[in-house]
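Letters A, B, C and D mark the chains in the order given here, with residues in each chain numbered from 1 onward.
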């Protein structure tokens, strides 16, 4: 009998200057993480609009992670501080609506932290996989 | 139940119209029924005398009208603002949505407004007349010979039960005494929801939001929603829609709307007041307000003109998005 | 005429639900009523009416028309319609029953709207006479008798009993199926009930509202009435009135990109919205006043002009109850019609 | 619709080893907009690039997707290729199928699958790309240096040396700053004045440099290359062009009891004064708070004695408008106030002084003509206690001190101790310290000389209390190494006060929309890679306004800032990054959310007239992004509730298209 292992779909928004470079470094060092993680490059984590996150869930993502420079290291000096506030507010609201809080995450990954990037993605993919499919923010029209 | 009377307001408005301070008055216009009051622009003393009304059903927050109406007047427009309305007024000024110089604000005291659906829940349909009588309200209906006497406190609108302030934070002139900010229990209901399990919360909101008919009344009445073009009306925004096509669309609309007004919402309660489906939308906005207060320190939007909203601000010591849940766990 | 004790109403519901989906007004936790599918244990609401009208059953707020599936550059067109089951709507008030006639004239005239037609075909309407009309009711203005609701079956409720009379073949067939639960009776009790209702109707505050000033051919007279400015002045431009209205029938057809193709659907639209009937050249109604006027001119002038004098309002009073700023068709009729009764 | 060409790179076996490149290019062929798709061993090679250029011509491509290594590696390469083929360089998107795919996934099937999805996302994005053209703006070839200390002086000299005009604005009557007050400099012990004053003279004589002394910047508008600055020249009541600096007025002025700020109040000056002998400009200034003539019209002595006729009691503050291409902030530092440090009895005894006061006491031009004496009685101190870190590294006492290390105190205290022991061998010198920090060329050697050759007594521990008793200062301290309490009867106590940014920095930062940290030090554009630039384009940082630093460090930073300014001013036009925010004014509410979050001050507001649907006109406030200043972070786009603000190159629609493609 063939067992279809559930594969979560994860969208990772990575800032161009730190986290995207951190992902590149993970690649340079051949540090494996699940292929379920797909990265979208943004100039800064503060470019990530809550609408993008909801859009990803709508289209079938099971988890969304936002990676940016460590606070204080933002290429644009303050972008990630705004990200931090915005996402704290948004995630809290999603939780309030009963949407599994483990499906969203913000992680600070510097350009030097290839290992952290891979470890974060491994961990996040595992967490999301354990939750199963995203049902609470799905749009059935996108699954037809 | 209101301390100020219709006649006092008419006389003040007439005085300001007559002496040329203002060229028109934004007030409440008499409707078909005692509870049915329409925001109306009065241009003459005669119009005021004939059509102006002030009673326990004058809930509408006029601040938002100033965005469109203030610029249209040749002179100043007189606006009558209850304490909670003045917060919206300041917030709109902070966002440069109208010219302060075009507006003359008379702050009026408010003892809390009644919710007609609560009256109907007690008295049923067929209301012919409602009059105020001290702490009571007398309701004359088609089906009862004598007026039904109900306690005004029992039909107070939700936002007034949890009134946050009797203080006018903006006015040119104040009728009555200066009020004070009130310690309200407005976050209790949010806390109650927070204390539920995620499954229970999901079920609660699923049920509430499933009633949404996307009439946009919440948005169109909201004094924080004054966008020239809302993202939900903009075909290029990626979220535009006209119908609550499914439960995702319902959530998307209300999450994004609450997020867009987060830090700017003064908790005036218009969204819940106007919702034809009685969805407790204020509980979404209050969640953001409660979070902002807890995460970044107490903040009351509209308290002063020129304040910087918490979501367009930061400190280097802010908590991490992952930490918001740890705090929630402590509270639960 | 057949009757049955109200004690047995759930047996009636169960019997109907055997062969068809049964929908009836049910109390919701916010204190209002809404049409819900009946299941064992569902309680019938005592409320005068639902917030949303039953037009949803024939003209749903959102309805998929078709789907385009894309694979690379290939497009496949998929018919998304599924076979409809018969359904029964129970407890429709006279005003709402009348609204179906108004909708029929739009959707069933050529070219026939097949989506609407098929729903109409499968639906059976059991109407219900009013017992306690509200102050917001003005159905009489449009010659609707709340004591004599039409529909496939008419029903009257007294303190302890419910009476049924079939008006159509569909209705008669359904009533036949309920014969074991109902008994034949005369119409004495119903007549008494009608008397009572008529007595109340005479006391309603809006009883004198007339349509005299309106109807086909009044366009030129009313279009430029100065009162429109004042009436529309406070309008927020939301769609509440349109969406609770049983006779508003405008819709928009939109495409939703699913990522794997497009779902083409229609959804209610509101002439109060700024992008209503927006075309390549822009909007044809540029201000809220024009949009506001359109809604009422349509109901009171344009529609009757095209439909043998039938007005596109049934006086259900929903817009009176739900408009955020309490502006509504009654105020418009009084102001524009110049018949503000003092 | 775009005509997109897809180019899948093998990267030798780097990609092709784990990704079936043939399958990827085949799969992407059927994506909307794709009219050509191929794969090749090395897309970045000349042959690969030629392949792209040929395909653009042959297939009339309007967009290019390269599935290859990270865009951080070769995005620039392929943009150039596109440009060479006649395409707009911003019509290129890269799908990163090496670092983020083939190198991290081992299985060919999953690797290929993911590469196809990443390719689809890139195609979806490029379908929405629009040609972007970098904006250009002219450059005013003149620099403004705010602050005339050693940092400002060095920056100005270096910029002028490259042939550009520079203005220095200094709020004091003379340039020179803190360095002019110092005696000797560590670790070489050369005299500060001897190395500073020639530079001051150079500044005065340089034709390219103008000095606005006794002046302040009051308003800054504009942006990089085009600043519009208002400078307020405070009235000094002396005609600067005429005054010869002869000093006759100073000598004859009857008001002689004014505390002399140059000597930190340890002696007096007259109401009309020249701060010090080598002041530049060497021009007298009347202190309006002290001058009788200005206060009540009674005196006029200076006017009578001035042979040049330079005195002008009617002089008014003057406002000067000037355009600049670049602004250098060199506002420097001050020692913090000792008022809150009661334990050291600073306000109780004249013999408790700060290190800067000590500098003046030992300076030949100082109040005691260089003789080390007690300020209270003029006697020679025999026991001197130096206390380090007063208000520095003060984690628990943030309300009176600073959390950071002031960096320079260890070295100057070693210098003071050494010089004291050198000149007055009979003096016992104690230095109390938390740590002695001496990283720097010849610094540790210098400190060890103080201990080993000059016998300065370094004690690890803090002074707990200083109590004036008779003519002694009872110093209570702990010796952490010996683990005992020490009681010393000192004649003089010298406090190494922490340093803080000058108070004028905060309002200046607001004017410049330059960001500051919580301590009011200016922040750098990047702490490691752009240390002399502010995040606000065209604003540069020199000296201690950016953080505590000593003279050599200040001078090297000043030079670095100058070289950045020269690099900017050398350009005739500035070419911006075209991936900048832009506001759709039809949708903009003018609410200021975007401007609030913009780290660069790139957003301003205009009242614009709009034609309303009902044919009336309405004036609305709308945001305008200055593309020359915007750096393209996108913070504003999310702050904007209506979505009027979008980011070119990373538009909402583009990112959502990527999301859609990935989540299919």
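Everything below uses one rule, namely that a residue touches a chain if its C-beta (ideal position, glycine included) is under 8 Å from a C-beta of that chain, and two chains touch if they have at least 3 such contacts.
All figures in this text were calculated on a predicted structure; none of them were measured in a lab.
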| item | value |
| --- | --- |
| Pair exhibiting more inter-chain C-beta contacts, A-D or A-C | A-D |
| Most distant chain from chain D, judged by the mean position of its C-alpha atoms | C |
| CA centroid of chain A to CA centroid of chain D, Å | 34 |
| Gap in Å, rounded to a whole number, between the CA centres of chain C and chain A | 46 |
| Between chain D and chain C, distance of the C-alpha-averaged centres to the nearest whole Å | 68 |
| Rounded Å distance between chain B and chain C, as computed from the means of their C-alpha atoms | 30 |
| Interface hub residues of chain B, defined as touching at least two other chains | 231, 237-238, 245-246, 311-313, 316 |
| Set of chain D residues in contact with two or more other chains | 597, 639, 652, 656, 660, 663-664 |
| Junction residues of chain A - those touching two or more other chains | 50-51, 55, 59-60, 78, 82, 86, 139, 141-142 |
| Topology of the chain contact graph, where touching chains are joined (line, ring, star, complete, other) | complete |
| Interface residues, chain B side, partner chain A - complex | 190, 193-194, 198-206, 231, 237-239, 245-246, 248-249, 251-252, 255-256, 258-259, 262, 284, 287-288, 291-292, 295-296, 310-316, 318-325, 328 |
| In the complex, chain B residues that touch chain C | 31-33, 36-41, 60, 65, 117, 121, 124-128, 142-143, 207, 211, 213-217, 219-221, 233, 241-246, 273-274, 276-279 |
| Complex interface listing, chain B residues touching chain D | 71, 94-97, 226-231, 234, 236-238, 260-261, 308-309, 311-313, 316 |
| Touching residues on chain C, where the partner in the complex is chain B | 28-32, 34, 48, 51-52, 61-62, 132-136, 200, 203-206, 230, 233-234, 236-240, 242-244, 252, 254, 256, 265, 267-270, 273-275, 320, 322, 324-327, 330-331 |
| Interfacial residue positions of chain D with respect to chain A in the complex | 70-73, 96, 98-101, 103-107, 110-111, 113-114, 117-118, 121, 515, 523, 525-527, 535, 579, 597, 599, 631-635, 637-639, 647, 650, 652, 655-656, 658-660, 662-664 |
